[in-house]
């Protein structure tokens, strides 16, 4: 790997959970020269003072948090900017960076939707940069590798959507399941709710607690339905129930749908999934009868997918597991970076 | 409560998780004289030697585990026997006790099914006492209070079924939901898998792990479909996906179903649930928009039930939470005991 | 218990973790008429809206949070006030209540120290009501039952101190250990840090984390050394290292000290502890070789105490476990209430 | 790293927790050709069938568990054998491998003690291969780098000892602390108890549980006192109290000792630690006032060390954190491998 050319990279908003995992990955990435890490609240402090877990990591000891204006940042010579910022804020950074020719990989929701009107519906605000929506590529590498490679701005998918879309897109696209019968239940680790001081996220509130939330219209529904509609070539609406469970990292997703009449055998399900993911290094098909486990994907970019047929109800059950901060956020965005840099997709991720 | 007459009670199989919680409840129950606690492996030891958490509890310090033959037990003068035994084993005890006139409250699955053939299908063995199936009452107190009060043998429901049946029965019975569209996802604490030495149940295997299992045909499906079929007055088949989550006690269940055409308003849903549970001291209706939390029902006999309408898909989402060892096992069986003794249903449980 | 006369009681500051457990205990206490629960932030809301876990509890459904001025509270007819407030704030309430003849049971640190100067040293502020310090009784019921019974203001001990003082006081008093060699390590559940929105207390920060803190001079040292000095009849200084561990409730404390020359046999240790705690319903002596476990005391008022002799080093190791919110806070304060009311010490606590 | 020459390596006993982490590290290690992974119970199965977390890892998909006799193994052409076996069993493998010229890195306790008589005292059995004890080097790389580099058999230290010896050896050696006053408390994650089906290790037994155990003479005391005695050049006896806490991986250790008269300033403590660890890539000195956290060292080979002076008692408090399976077992043994191979000590570990 020693001959990978390094790109100058900034991580903007590096002290949330996604930002921290981005640092963990990028500090060791052979194709990254991490020149800038920004944080408003920690500006001026050294990286290892704020995040002592990185002390003595290669490259970490010299880094300092800065808080440049977006225009300073745009002119600072960086080639790539990872935005690990809240939605709304991310767009404020993305536009000037994009205009300055910096390639943007945005981990927020700001550029995931094709239509500003849907953004308004689900995020309760006017989209701050609708003109850029057409430029942005929805960065699911297993589905859009080529567009990502050519993109100037990538909207890295949300944690829940990744865990649903990878199992569902091949089956919806092939018409093996009835796309209007999809019911999704997901269980997410608490880091998915962000690193913000809030009583419901305290240890003593989350331990021994399992709870649904976000019904009936979690924000992530919008990007999931957008992508499934594209795959199905007809409008798709799904039911999605997120739950908070007492783990730090991980999402377990369980999807139920009716099999379409054209699906007469489980081998068709397997064939369709195999065809799409045969060469996908991070999708692990566990097969008919396989069960994923969040513990098996912790701190990895893998998504594990299993499935079961229930002949009594003619339904298919798809199950998946991923690390919400890795495949669901930081690592997946690095996977897109690798594609944009035309280096091995797995660089820095295995 | 001091004037409640005490019944002589045995707990058979008192060192598993349900048995331990039974002891916790019965030791303080004003209507119980706990004369016998049995355990093959701990026979001869004092209760507090095996279960030091009970040291200095009222009535616990003098108790010893015994291991009587079932015939000795039947003749020992007990009036009630709680069976906290594995399925198959429970029936071996139930028959002689029943024949000796001891009232039996069985926490296993042995007498929950009306048909021996279904038992064979789901439990892979010939039913050991099919003649008793007609005598046994499925002990869901909120649904069958009168039959339980008159029963000589009560089959206390499983933990998963309780969490599904209480939200579903009123709605299925009233025809407000389409009973052939029901999809259930449940997340159970690890105690639900029993107190047996098995590597998948170790702390280091369960911590940071969320995993589905038991597909496509978990054993508890059989009793759920039996009871829903009774409620619907037509055959009901459902999809049920259990998951293991890293909590000790608790089940969170999420149910999705299509609304029937006759359901034109959420107030109908509320009215039907209110009508059935208005006087049920342990069912807490959280209303339209309410979310349950396993932490809020820990060590209680409550079931919390909330619901949401998804107008985009015309589906109803029902959510419930209970303690799998309390309302899902030990406490619910004591609730049946209270009914059988014609004392206040909440005695010893609030 | 039905003939216990009820006292009118207020809980001031009822939405922190100690306050919530106080409510859990007092709502069921046969000698309590809980007339007032106060909370500045929740004033006007019903108890069960803020704390849904209490819905359908006996007596809870009608209660509302109020926010009376301390003078309104003093004149409201209450006979007892439990103060579950931060230190400093508690004293502001205690003085007018005390002057109005209300008996005060304070769970904060404000009245635990005999000397205002020590308060200033350890709490970095001038004591707000030094005149009351002489009135207040340090409320460790196993050590000061008679003084508590006659007290008008009780300073209920801290969670860490309780776990240390109960094992240590008899041994220090008897001179069996060298009081200048005491080293204490404690591991506390996260609820001990309070119900405040702070990033270090988030689930994702505490899970998989064990960390010492508070060195070299944790605030609780002051009351521990005060009480050990009284027991030893000479100045005692100890080393105390608190740790945060990922459990919700519980403190495990391990104490090491050198045996004094006069201690020539472990039977002396046992005899001294037995003599003091023979009739203490909440102290469970596990004996020489016994090990406590926080899980065994969860949601109880018990303190479990074991000990071991290390003949290689001539040291004694004392170990204890308690629930930091029960014996370490709420339940212990109710134990003092029972003593003050001259009713059975265990009322409402077993 | 691409020009590191690969050594043929076997992992013997690869399905316990240390073995699994060894696989995780060695599969990616550029200097390792992992030719053999053995497991009696899993012989014949593929690695990824038994350990699905390794599916799609580089090099994992082709591997199978085998169960060769030790003589077959000795002749199989391997150059290094990592033994991740129970004590007693490890020696059975070590002797023939050693005699066949295979370099042995033993993670068990079998070769950590210099005297067979101490082994007998602490492990209750006659040492199976006393002749090899003189050959074996106690493999603490920060203390014995040169001897390890030249060793033919390395006894990799235990998890608890590593967390104590690294803070203590420099201070004991320099005489800054009184070596006869050392009191150590450690809190270990449950994986430290091994991957064996035992009820006390179940999730439902460990969650919400903190408990001391192993008093008064935990087996690891023997190697700690041996190494401290060498450092002090006089006999050292310490008090050591291990605790089990509900985390999967990690050890937090807190050490208290009296300062020796020659220690007149904390800068001496810092100077001594800095002198020993200045060039140690895996020891992170957090300084006077610093606090370690097990979460910060998870899945790393780091040991974090902080310290505090308590002028009131003239004692020093040293605190450390490590991952019990990494620095405390698997990763540390790979660090020794790197030294033996004369490649960068951090290869495969950063």
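Just so it is clear, A, B, C and D label the chains in written order, and each chain counts residues from 1 on its own.
Everything below uses one rule, namely that contacts are C-beta pairs under 8 Å (C-beta built on N, C-alpha and C of every residue); 3 or more make two chains touch, one makes a residue touch a chain.
If you're wondering where the values come from, they're calculated on a predicted model, not measured in any experiment.
When you average the Cα atoms of each chain and compare centres, the chain farthest from chain C turns out to be A.
Should one ask which of B-C and B-D has more C-beta pairs in contact, the pair is B-D. Separating the centre of chain A from that of chain B, both taken as means of CA atoms, is a distance of 40 Å. Once the centre of each chain is set as its mean CA position, chain B and chain C turn out to be 37 Å apart.
The geometric centre of chain B is 46 Å away from that of chain D, both derived from CA atoms. In chain B, the residues that touch at least two other chains are 189, 205, 207-208, 246-249, 293, 295.
Those residues of chain D that touch chain A in the shared complex are 1-2, 28, 52-53, 55-58, 207-208, 281-282, 284, 286, 293, 295-297, 299, 302, 304, 350. Contact residues of chain A toward chain B in the complex are 183, 185, 187, 189, 205, 207-213, 215-217, 237-239, 241, 243, 245-250, 252, 254, 256, 291-295, 298, 306, 308-313, 315, 317, 319, 321. Within the complex formed with chain C, the chain A residues making contact are 17, 189-191, 195-199, 201-208, 246-249.
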